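Next come two complexes, and both contain chain A; in the first it sits with chain B, in the second with chain C.
On to the complex of A and B.
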């Protein structure tokens, strides 16, 4: 996989655990947060999560980076809950939110994107009975992953062309050519897939 | 639902990439708000308005799957399973549904694309539907009442209203430059609408 993913390489026990097992554990942890209704229990759970991060040898800076997008929300939500329901509820709500974000991020940090893709395709196997082919889902995932850098490159080209023409601020002068070129790209991609017998 | 052809697969994957690329357009954090405003929701509206309800919804669903498997494709480079544990999970889940509704309304009107109707479609799908999911998600994840969660959603409305207008303008330009994605309106309705059609 390209450098696009948020996977953090390593060979800890958590890294070696199969992706499916980690996803199951994450679901179990999410359900278990139901019992985290006292601030001290939330604090213990957060501490345990910190231990898991240490066990996976994730650098502390990376741990902090996982909760950074939540920062403003934690402040606003914490203040609101404190005002409305007291500090205990505020600590519970913000703590559980941070806990789940950290645990979910830990699964992503310790699992290769390829292993996750394989798991998704495997989970889609029962859908065969309703007419969905797991192989096509795998193909679609691969095409989607590939199209991200292609589209970013296309957006950059269109942006440069727009600047060169002195249309720097118009959103339509950027988006219309970008979408039209995306559609042309999809035409070529579709023909290439058809030529390889995807429709057969 | 019919089997996806190779052209469908290509369009779905390409639009997934497009929505991800639009998420990279610099984010604006309106004073103290945790959810950034980017062009990503513009991509949600465009997916429905350009490639239709099923392919549009599929491209957003594919985006969510790619985010879940660990790619940082959401606005501001967020990604991974953590995105689904946070308070904006409802908006993410609402993306495919919003695109479906926009596509459905846009296809109902058919070609040529009409700006006013397209704007209505973008507002209903891109704001009413996505926000309904988003508000319920925030209420659930942040333990807020639906009223308080609705107030929290109010911060993004202005940006998304602007994006609904931009998406309609862009969709009109794209359908004019790349005809064939929408079916022609039946002759009767076109004659009846007559002069207002070229909008």
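On to the complex of A and C.
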């Protein structure tokens, strides 16, 4: 939980760029990966991304933390690609994957959730005509981000309770209480939202 | 002070054979600045607290705040009545501290500058100014509860209902929350198991099995509650 995908305060150019512009650039970058078909091109793109992180004054440790959860996926994917298509493709695929995750993380690291939510709400405004409430989508997004650490906390509690009671590693002994707790948390969250006037 | 009135209130959870009566025969007029609520687990305190801002609508009877019915004018009631829950994790809905405080000010027709000013003032008042952009999940339990409190108070409610706000906290943090609550000019309804928080309260209700069995000054109410247990 070392700051994965959470806002890292600052006032660099990247921090000041509007959220909409950053999201647009992210989409453009994702499309542009189509041309990253040689390992050296991928390497240059990764290097440029590193420069962007430096420009945003994100500490290197935080950069590493963004891709660390990918580790196992990268190993499995890379090994498979190497076996199926050779090392060049393997390097391409794994490199592009890391690149996209780093760029997306850079957007979240330099953008306040509120700014992101406001942008999404603005983008969703045309959907009002088909009965979608843009404010709802924004709230959904914010709650989703907020719920990740809460869920990790719940999972840890369940795990500890399981160990304390000597239940070993039984998947049901883990899943059932986790689901129960999550539902209870959802209830409490719904109540809090109502109390704070969300549905009014 | 606003006047909270409960008339002929009964509340039942569930239907048919599994129905459980949690509140019965409540007729109360609460106009004091500090009202405490004590009683055993399952005595109906939390449900009572949730009646006051319309989170729970009574099966029978009416609840009004300054004449506004929680059933008919729920929205207006919730603007008047702020609510603090036991578990701040369920109450904090935004990922970072300042954003959560600002959340309650959405749709109030305030411009960005005013929102920022109010948020900054609230964070400073509750000792959270240094945590402005920190993720809410990295705060300590006490800080989380202060954040929950700040997020509610920034909307300037006339009444503050707190449902066991110190149950998950250590002594120092409980004291901290109690001090903040003590200093509030608002009307406060505090549900608690920490009986020492009630010193200086104007009125304390003792709940037992869904009914108010004692209603008076803190000393007498606490003595009555202790007698229930022995």
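The definition used in the following text is that the second predicted complex is superposed on the first by the 128 of 200 C-alpha atoms of A that agree within 3 Å, B and C clash if a C-alpha of one lies under 4 Å from a C-alpha of the other, contacts with A are read in each partner's own complex, and residues count from 1 in each chain.
Heads up, the rule we're going with is that a contact is a pair of C-beta atoms (placed from the backbone, for glycine too) under 8 Å apart; a residue touches a chain by one contact, two chains touch by 3 or more.
Everything numeric in this text was worked out from a predicted model, so none of it was measured.
Once chain A of one complex is fitted onto chain A of the other, the partner contacts of A:150 extend to both chain B and chain C.
When both complexes are overlaid on chain A, the residue A:9 reaches chain C alone and has no touch with chain B. Annotation for chain A, partner touching more residues between chain B and chain C: B. Of the two partner chains placed around the shared chain by superposition, chain B is the only one that A:77 touches, whereas chain C remains out of contact.
Within the superposed three-chain model, A:194 lies in touch with chain B and with chain C [touch as defined at top].
Once the two complexes are overlaid on the shared chain, A:182 sits against chain B while remaining clear of chain C.
By the document's definition of touching, of the two partners only chain B reaches A:105; chain C does not.
By the document's definition of touching, of the two partners only chain B reaches A:141; chain C does not. Counting contacts by the rule stated earlier, residues 6-7, 112-113, 139, 143, 145-146, 149-150, 185, 189, 191, 193-194 of chain A appear in both its interface with chain B and its interface with chain C. Of all residues in chain A, those touching chain B in their complex are 4-7, 26, 30, 66, 69-73, 75-77, 80-81, 89, 93, 97, 100-105, 107-109, 111-113, 116-117, 120, 131, 136, 139-141, 143-152, 154-155, 171-172, 175-176, 178-180, 182-187, 189-191, 193-194, 198-199. Touching chain A in their complex are the following residues of chain B: 3-18, 20-22, 24, 29, 32-34, 42, 46, 50, 62-63, 65-66, 68-73, 76, 78-87, 141-144, 148, 166, 169-170, 173-174, 177-178, 181.
Contact residues of chain C toward chain A in the complex are 50, 53, 55, 74-75, 78-79, 82-83, 85, 87, 89-96, 99, 102-104, 132-133, 135-137, 151-152, 155. On the side of chain A, the complex with chain C involves touching residues 1, 3, 6-7, 9, 112-114, 139, 142-143, 145-146, 149-150, 153, 185, 188-189, 191-197, 200.
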